[in-house]
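The next part holds the structures, each set out as structure tokens.
Both complexes below contain chain A, partnered by chain B and then by chain C.
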Partner chain A sequence: MASTTSHAPDAGWRKHLPVLNALLRYGILIIIGFLMLYPLFWMIGGSFKNNHEIFSSIGFIPKEPTLDGVINGWKTSTEYTFATYLINTFKIVIPKVIVTVISSVIVAYGFARFAIPGRKYLFALLMATVLLPKSVLLIPQYLMFREFGWLDTYLPLYIPQAFAVEGFFVFMIIQFMRSLPLEMEEAAVMDGCNSFQVLTLIVAPVILPAIIAVALFQFMWSMNDFLQPLIYLSSVEKYPVALALKMSIDVTEATSWNEILAMSTIAIAPSLILFFAAQKYFVDGITSGAVKG
Partner chain B sequence: MTNSVKLTDVKKSFNGHEVIKGVSLEVKKGELVVFVGPSGCGKSTLLRLIAGLDTPTSGEIHISNKDVTYAHPSKRGVAMVFQSYALYPHMTVADNIAFALKIQGLPRAEVDAKVAEVAEILQLTPLLKRRPKALSGGQRQRVAIGRAIVRQPDVFLFDEPLSNLDASLRGQMRVEIARLHAKLGATSVYVTHDQVEAMTLADKIVVLNAGHIEQVGSPMELYRRPANLFVARFIGSPNMNILSVKVAGAAATTVTLETPQGLLEIPRTGVVATNGDTVSLGLRPENLHVAADGEASHLKGHVVLIERLGGETFAYVALKDFGNDPVIIKLSGEADLHNHQEVGLRVDLDRAHLFDAQGLALGQPLGAAPDVGAGHV
Partner chain C sequence: MYNNKLIGSMYVTPFIIGFLLFTAFPFIASFVLSLTDARLQDQLGAANFTGLANYGEMAGDATFQKSLGVTFFYVFVTVPLKLAFALLIAVILNFKLRGIGFFRTAFYLPSILGGSVAIAVVWRFVFAGDGLINQAFGVLGFGGINWLGEPDTAMFSIVLLRLWQFGSAMVVFLAGLKAIPEDLYEAADIDGASRFKQFWMITLPLLTPVLFFNFIMQIVQAFQEFNGPYIITAGGPLKSSYLLPLMIYEEAFKYFNLGYSSALSWVLFVIIAIFTAVAFWSQKHWVFYAQERDDNKGGH
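And now, the complex of A and B:
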């Protein structure tokens, strides 16, 4: 313990120890944080560079800032502007988030509160699907959706989510629900609620942090999802951002990296904005399920 | 309509383990009945059966002369106050109280009027806009009670409503509940493990043990005439002293007991026992007194421990030749005693209790009417 001892003549410097300590700690944290975020800064900086500057310097601040990357990138090399692809993305992501939240909450409530026969085994099965690599499902699912005639539509991308297929989300909500006092729900039953009303009027508002966390996770993962749209979508006019970006790397021989960086920056903006807007709830949602007694 | 709640041979098993072993009980309209018993005796389970949160394995439950054995909790005319308050954390106090009425679909104006009325009764009016987390324990409890009152149920159910409060607040809320019950006159079933709550609040106490009823009666009746050893030990603080003795003779109005310190004759009628039977003599701590010098005493022993609580003193006296645990005596706060002191004890023989080998009360005290109002805890 570094306590100051007044009678020792050379102990004066010790009283600055906490300040030095803080400087050292924050110094290291800032340096490491900067290193980790550097690619992100570089991407944003790269959006405003011209194409040959990107590879000529490691710095992220453009020497000759230009909007060419943004303007040309937005136009894209296709007949559609980047706006089309952004809207397409939301056409997939928004329904996906909504059905994920609804189905996960309902299934979690079932697992957490109802004595369903074989609940233990069903839950184990659900957990097992979390461990299952997504790619093993691709071929059977593709064949199934082809039979449904859903190829080149957005349906295969979000309809499965209506059946609470994300075991991780269900698990997360179950854990959160388990921390709720049962008496609260019993009070609601005594007040005249049926199970559905207990869920919608009492449980759902109380587990809102968990719901927001699920919505955010799903939003970010879906924004970034590349494989599924690639498999199910064939017409360019239906492409989401992830495919559109890849497309601009393919089509021209000399790739305009500044355009790609500019559009990537725009593409991550919604996730970032949403995350910071919901940060308070999101962090609550991750931690409180575990900590709350 | 004299019965508000009627249980007929109610049984409840969980996973083949019988928790309620056939309980029959009637609660009259306007009565406050307290279920009391050690933890795990089934008192909360019984309350949940009445509430409809669990259904009995067999038996019938009637509320206001309607068979509600399998009815939905909200259709029974009961409202419940939970131990943990169980308020809805995302709603204001007003919304918490109004919730049941809104679910029923009452018009808004009517709901608001009822909430205002209840808030007035419970002095919650200034808190109506607050969320539960901004309330103290006592206030939360009042909201929980308000949520029950607003539905104007036939029967109120209280599940250990005061056990989450600290001691002084508990005393205060106990008085408030008693006042509220006097004011509303509603039939109430109240579960507690705290015998002070049971004694002070109850019109009728139901002592439960291991899933069956040990005795039903008014607080003083249970105190004065416990039907068995369990009730005798459970009601009263400190516990009743139980001494193992032998019957030496039973006459019409007296029983002679043989103790290691000689014969003891206690007035009691209707005792059926054979000489030599081992019985239990029950003596309440306040019915034992230290005999003054020269005064005749019934039992002798020496003090092993003295607990001074200020207003009163408990002395633990090891009786000579008895081999029992020391008996506890309740004395005044100023009692002049010290450890190892040899004392003679005077016994209020007319207040002695007698139980047979099965633990059932033997005979009755003379002048069977209990004198209510005598000092008790």
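And now, the complex of A and C:
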């Protein structure tokens, strides 16, 4: 690149360098983007192919589209339809998102605004929970929930979240609150609001983008959660999608790829739709914790 | 009002209760369990105190040593590659080109979906003997590779799945790049510094706080990889992808050895703790915080 030649013929293509540069960048981006998204296209396309075609062609558009995979996938190889597993998933995810948001906002408000004794140390503990590997807590938590009689219920999957155990979310909201000016809250106090009214009437509406980001991340992560349901749930009728899918590949993997691909497509559809509807909040959310001016 | 310590403490009480009950107590309990021969099917009262026997057992456990080895291999390959790739794409995306938003979305999407069982299942098919990659190889005239059936290549499928999720690190890098003041580059241009030199002398130093954040998050995440080996490779073949979190799970819930499993989880915890402690300790030597400079840009 640092060529020292300055002969006349060179000047010709040098003029076009910015254009070539842009083409190169687009070229790289398009190739990588295509390769990255191809498995997703292939999954969606495969849901509408027959099994023979999945094995015989790498194209993602079905040549002889069929709904067999979707229909059989929806029926599943179990006694329940996929609808049961989707509903079960939402029975876990929705309460989990709600209690996560409420508890994280309350605790973040305390950390961001109040002079609390030992705040520095509490905050350090909060951040330490982010770095602590979950597997070190797994067995005692299991034994504890067994004592509570909570095995094979959804309670172990979301009750802890009601106590702001996900430090990452609390941190995200703290960061957002700290970037807000105090005047509005001070004025509300002058007008006779107590702190809870300030939080719900003044602060909560303003930090809505952070609340949405927390809700979205918790939704996605909970949809993907596998290890916790695997440990706590034993009856098939209570399985979320993640467990049902794992069970299906154990049963039908060798034969019916289109069924499994269709089930996978349906399984990620809620996350996919939500992602495209609200992608701005994801990017804002994940960067708010990492980059501080 | 915000000076009222009592009200403030009330707001953080849920965290204190949750921390004690669901984090601190299990954390200590798992260490206590690691000193016993507790079994999953027995009452805890039946367990015997065995001192450090579980930790001693690891010294003679070939499976554990294999697992530890592949775990380090996995982390040391995945994390640097993922960070380098995320940074490279972020730098390309940071130039003012049309349609960047589209690419950013496309590259970010896998990091949201990739943790799911559904994608892990698709990955199994992509790497299967008659799967997508071998079909593509066939079209290109290469022979197929038994990706998931060979100890040398099974781990590769998991590494590639996690590299595929570089998007979350990328958007963090991208936000860091956007925060670098334009005038620094203009000044460097005037001084005649090449683009390459500008990257090393300006971009990278100013990006170190973000690099530090990404490094910590990726290390912590990589050491906890479970879905990949459980669903894609089942830890095999020949334990070649038997990552430590999978071994911890199987020891507890397949072989019912709660004591040994707890000891393994403490080993994993200590490893992660050492990595994060070294990273935090070393940051004063290589992480460059903007506060040290006078021209603080003051929030975003």
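By definition in this document, the second predicted complex is superposed on the first by the 247 of 293 C-alpha atoms of A that agree within 3 Å, B and C clash if a C-alpha of one lies under 4 Å from a C-alpha of the other, contacts with A are read in each partner's own complex, and residues count from 1 in each chain.
Note that a residue touches a chain if its C-beta (ideal position, glycine included) is under 8 Å from a C-beta of that chain, and two chains touch if they have at least 3 such contacts.
Model, not experiment: these values are computed from the prediction.
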| item | value |
| --- | --- |
| Of chain C and chain B, partner touching more chain A residues | C |
| Chain B versus chain C as contact partner of A:F226, first or second or both or neither | second |
| Partner chain(s) touched by A:V214 [first = chain B, second = chain C, both, neither] | neither |
| Which superposed partner A:I106 touches (first chain B, second chain C, both, neither) | second |
| Partner chain(s) touched by A:L29 [first = chain B, second = chain C, both, neither] | second |
| Touching partner for A:V189 - first (chain B), second (chain C), both, neither | both |
| Contacts of A:M172 with chain B and chain C, given as first, second, both or neither | neither |
| First, second, both or neither for A:S135, with chain B first and chain C second | second |
| Touched partner set for A:P160, first chain B, second chain C, both or neither | second |
| Footprint overlap on chain A, where chain B in one structure and chain C in the other make contact | 189 |
| Partner chain B, residues of chain A touching it in the complex | 181, 183-184, 186-193, 197, 201-202, 205-206, 208 |
| For the chain A and chain C complex, residues of the former touching the latter | 1-2, 22, 25-26, 28-29, 32-33, 36-37, 39-40, 42-43, 46, 55, 57-58, 103, 106-107, 109-111, 113-117, 122, 125-126, 129-144, 160, 162-165, 170, 179, 189, 194-195, 198, 220-221, 223-224, 226-227, 231, 241-243, 245-246, 249, 253, 257, 260-261, 263-265, 267-268, 271-272, 275-276, 279, 282-283, 286-287, 289-293 |
| Interfacial residue positions of chain B with respect to chain A in the complex | 51-53, 72-74, 78-80, 82-84, 86-90, 99-100, 103-104, 147, 151 |
| Contacting residues of chain C [partner chain A, same complex] | 1-5, 7-12, 14-19, 21-23, 25-27, 29-30, 33, 44, 89, 92-93, 95, 97, 103-110, 112-113, 115-119, 121-126, 130, 132, 135-136, 139, 164, 168, 171-172, 174-176, 179, 194, 196, 209-210, 213-214, 216, 220, 223-224, 226-227, 230-231, 245, 248-249, 252-253, 258, 261-262, 265-266, 268-269, 272, 276, 290, 296-300 |
